[in-house]
Amino acid sequence: MAVSWLARLAADAPTPVFAVAGVDAWGAVQELRGDPRIRLAATPRHAAVLLVAGTILAGHGEALRRVHDQLPRPRAVVVWRAPGTGPAIPALAVVDGSADEVVSAVGRAHASILADPTRAQADLLPDEEPTEWRGVGPFGQGGEGMMGGTPYGRPMAMTGDDRDGLALDQLHLTLGPFLDPLPPGLTLDVTLQGEVLQDVAVDRAAPPVVDHAAPGDPATPAAAARRGLHWLAHALHVEGLDALAGRAAHLASQVAVGDVAADRSADRLARLVTATGVLRSLRGVGAVDGADASDRWRQRLAAIVAALRDGVVPRALEPAPSDDAALAGLLVGVTLTDAVSTLVSLELPGVLRPAVAA
Amino acid sequence: MTGVDVAFWVFALAAVWSGYRVFRTDSMVRASFLLLASFLNVGAILVLLLAEYLGTALLFMMTVEMVVMALFMVMFMMNPAGLNPMEMVHQPRLAAVAGVVTTAGLGLVAVVVDFPDAPVDPAAETIRALGTELLGGSMLVFESAGVTLLATMVCAVILSAARGRYGDGTAGSVAPPLEPGGDHRPEDDLVGDGGGGHHHHGGH
Amino acid sequence: MLSAFLAGLTVTAAATLATAACVVLARRAAGAMSTAPQRVPVLGGSQPETHAWSRFHVRYYPMTLLFIAFEMEMMFMYPWAVVYVEEGLKALVEMGMFLAILSVGVVYAWREGAFRWQ
Amino acid sequence: MTTLPPVVAVALVVAVLTVGVYGVAVVDRLVSAVVAGWMVSAGEALAAPLRAVAVAVTRQPVTTEAPDRILWVLAPAAYAGLAAAALAVVPLAPGVAVTDVRTGIVVFGAAEALAIVAIFLHGWAPNAPLPLIAGYRFVGVALSYELLSMFVLIAAAIPAESMSIGAIVESQAGLWNVIRQPLGLPLFLIVAAGVTFLGPLDVVDSTDLAGGGAAEDSGMQHLAWSAARAAMLIAFSAASAAVFLGGWHGPVLPAAVWMALKTAGVATVLVGARHVIARVSPERFVRWAWTVLLPLAFLDLVIAGMASL
Amino acid sequence: MVLETVLLVAAVLLGIGVWGALSQQSFVMLMMGIELMVNGAILAAGGLWAYAGGGAPKGQVLVIIAMAVMAIEMAIGFALVVAVYRARQADMTEGIASMKG
């Protein structure tokens, strides 16, 4: 039958996955970028399977359910290394094992919903408009006058002053907690005018109690290198270099199993990353205490190479900026593009602890 | 009716219809690109009239101009996407009468006046002729267009800039921004500008 | 000449209609509309307060104004390029003057910071 | 100037675009595997585009709250149509052009400019914040690279004494433009990267905005958009080959084969660049385009002019 | 397609432009009306060039000048809109009119 033939063809493709990860499992999820059998999508709209990994905070339950519902149908959920606390979510498969096992489970889940769409998972949130708008107002679209009311369920943006002297509309958005480019556990309340951030409030998840893949001071050079590579995989992905991110993630999994060839690969990877010009393009972005994003990338690359080649455990540095207000101050007045690049390059306490060469 | 006639009427009706829809749609983005559609159809008619350079160049020029048009329309119009249907007209009757009178008057001229019958030669090298004309007979027009465009650029920059050598354009008219971090002072900019310049020279 | 344009137009229309048909048919075939929670724009789990469509502050607007003035020179340059070999030095000098004049505008705008995000 | 009958023309362009889009997907898979250090078999690479299509077909196209539905469908359709239009003015072999009109580079430029509209509308239509921001920042970048494209194409028209791309290819019988006007091809490739938003100029569907302009696209909507983008990449590769790399000129092999090889070569370079060159920020690119690249485009024009005196 | 029909279509475009420019309150919409009028003028000039001007190059120059005028009108018009909005937070023609008095 044509449909089953199509389903088999689709099931052989790399499974598009949107990953929602707690702080404790974020690194392990980044390591999945090294596996060609799945593809970590940047948005839930491109995914078929939702991977929920690690400890999701109870307060993020609604966000998790919303991301779940944003996946196009038919969708499946795979839960990985969940400690049993946090919001419950119906899953097609629950895995507690290695990365290899979860990738297999994701592939099987995808194949199963393709073969039988009735196994796909239904919406978790009620099918309700944010505001009742049908039939309201003179045109029945919920609005009134020029700018008033809630046309199609939401109000329109209103103006606010700007440094440029043109008081145009502001967008008040909450980015996160599961926005792919942001570091894990980070939620930003932003006011945007155009693409420039006018106001930022940072909300960080309290570091959860963790028992595996723990962020903390890594004791061994291998653990330090692996953590650095997890960061590098995500950072390269955000800067648009997905294939190189795959290489970094693959290297991280090699380090995990104690592959001796990893030290030379690290050198090569660092050279490749430098050759892409990413360090040049980040120059002058997000300077803290005289060091910009480019400097921070360079330090981190050096730390990875030092850990793998020389067996040096990188010295932990004080995270910068020191508090949320300072972090917000760093982001105000820059474009969203630069803000994301800045956040990705930073060491954020409670998110990932610093690891920089001594 | 030849194929050219059919094509002409298709393009003509499309140009008129999209031109009319410009003022009948609520979304400013749609309005801008409907105007573009009108231009594209006129460009196609110019090609039918054997003015192939003017026709194709019109497509190109008007596209980029309408992109800019759309940016500004959305930037300065209330309810730019037309989420609430709206009627933002004044003197509609006068405007309609003026429109009809214009059309009728010009249409009458088109029908009544006896224009010389000198059709363009289909084999003529019209593009080459235009190039020679610009460098020869119309050289002054060409060069003064350059000066005019320069003046336009300078005026546009002076008028639109928030600050510049003629002082802060916002002075006394707008309250200062609320967030201290978002406050952007002219003196910061002067420093920033110099930095940009050095970067440019240093890099090359 | 017109038949060449007709062929090009046919090709363009064919590609446009085929792509549109694919998208429209797929949307039809999907049957059920997206549910309300599915329709919320992607922001990583949160909801936007307002519609995204708004008076968007285009931060590079001085550049766009400069652009539409500068881009007019293309109208003169295309026919110029065709007769360049014929006209020789005269064409070079006249276009050199024209571009030099316009370049003054670009340099001025650069000095005024028109290429920076406002 | 030979012109193909419309039916043959449509078939030819559709065939070239289909093969081209498929080829781009295969090459993309191979290059990304090499960069990532994965093993990928030839069969797997060849099957990858078909599997991607199957995945897209089995997904539901999601809508957003109050989107502009017409524009959302029109954007990928227009983008694909413009790719076809741009390819139509490029002659694929001597006498084999769909629309080798006297104003070829103007039509090509118009298709390129209209592509800006399509990409902007694609970001505008879903009425969602991230695509909207992506669409706007693209227009800033696009208006900056647009000038470069015009200058390098005009420079190529000077020795040909014609705006027809067929005539430009003929003018390279002795010496290719890539040598005669060395700045032309690199600048044109920057434009190609901009129009197809890849590599350094991937400011549209970029991961730093969680998918940017395509963040709300799913299923067939996303597939159509990606395919249209690959088609535009093929159109620009063919134009680069014709305008700067001598088109069908070359020893031994038949003319059409040379054209196909050169087009495939340029397409491979562009796809490769996507994986090994980091994105530049839109703000910096705009400044850079006007202060560095635009003078370089002037220089290209001067070189072309001096060589043709 | 004869000269009269081309001119007639141009007249209709001009008429719509006049109607739009006079009826719209907003300054940017007024500019759209003017653009549409120029569109009609370009078509008329093209028709006259093709049928009555014998393809004289001066006619083509005229069309180019019309397009240049449009570009200049747009650049200056939008710069004015920015300046006025900055000063008064208004985008209406009536807002600009009130500035005179």
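Letters A, B, C, D and E mark the chains in the order given here, with residues in each chain numbered from 1 onward.
One rule holds for everything that comes next: a contact is a pair of C-beta atoms (placed from the backbone, for glycine too) under 8 Å apart; a residue touches a chain by one contact, two chains touch by 3 or more.
None of these values were measured; they are calculated from a predicted model.
Q: Any chance you could name the chains that touch chain B and chain D both?
A: For chain B paired with chain D, the chains in contact with each are A, C, in label order.
Q: If every step must land on a chain the current one touches, say how few steps get you from chain A to chain B.
A: 1
Q: Which chain wins if you rank chains by how close their C-alpha centre is to the centre of all protein C-alpha atoms?
A: That would be C.
Q: What's the chain with its C-alpha centre farthest out from chain A?
A: E
Q: What whole-Å value do you get for the distance between chain C and chain E if each is reduced to the mean of its CA atoms?
A: 21
Q: Could you please state the distance in Å, as a whole number, between where the Cα atoms of chain C are centred and where those of chain D are centred?
A: 14
Q: Quick check: how many Å separate the C-alpha centres of chain D and chain E?
A: Distance between chain centres, rounded to whole Å: 33 Å.
Q: Please report how many Å separate the Cα centroid of chain B from that of chain E, as a whole number.
A: Here chain B and chain E have centroids separated by 8 Å.
Q: Do you know which chain B residues sit against two or more other chains?
A: 4, 48, 50, 52-53, 57, 60-61, 64-65, 68, 71-72, 75-78, 81, 83, 127, 130, 132, 134, 145, 149, 152-153, 156-158, 160, 162, 169-170, 173-174, 196
Q: By residue number and range, which residues of chain A touch two or more other chains?
A: Chain A, residues with two or more chain partners: 43, 45, 70, 72, 130, 151-152, 154, 156, 159, 162, 164-168, 171, 173, 179-180, 194-195, 335.
Q: Multi-chain contacts in chain C: which residues touch at least two other chains?
A: 1, 5-6, 38, 40, 42-44, 48, 51-59, 61, 64-72, 74-76, 78, 81-83, 86, 91, 106, 116-118
Q: Which of the chains are touching one another, listed as pairs?
A: Chain pairs that touch: A-B, A-C, A-D, A-E, B-C, B-D, B-E, C-D, C-E.
Q: Going by the contact rule at the top, pick out the chain C residues touching chain D in the complex.
A: Of all residues in chain C, those touching chain D are 1, 3-8, 10-20, 22-27, 30, 33-34, 38-44, 48, 51-53, 56, 58-60, 63-64, 67, 70-71, 74, 77-78, 81-86, 88-89, 91-92, 95, 99, 103, 106, 110, 115-117.
Q: What residues of chain D sit close enough to touch chain B in their complex?
A: Touch residues, chain D against chain B: 66, 68, 71, 101-103, 106-107, 109-110, 113-114, 116-117, 120-121, 124, 127, 136, 139, 142-143, 146, 163, 287, 291-292.
Q: Mind pulling up the chain E residues that touch chain C in the complex?
A: On the chain E side, the touching residues are 64, 67-68, 71-72, 74-75, 78-79, 82.
Q: Looking at the complex, which residues from chain E come into contact with chain A?
A: Interface residues on the chain E side: 82, 85-86, 89.
Q: How about chain C: which of its residues touch chain B in the complex?
A: 1-2, 5-6, 51, 53-58, 61-62, 64-76, 78-83, 86-87, 90-91, 94, 97-98, 101-102, 104-106, 108-109, 111-114, 116, 118
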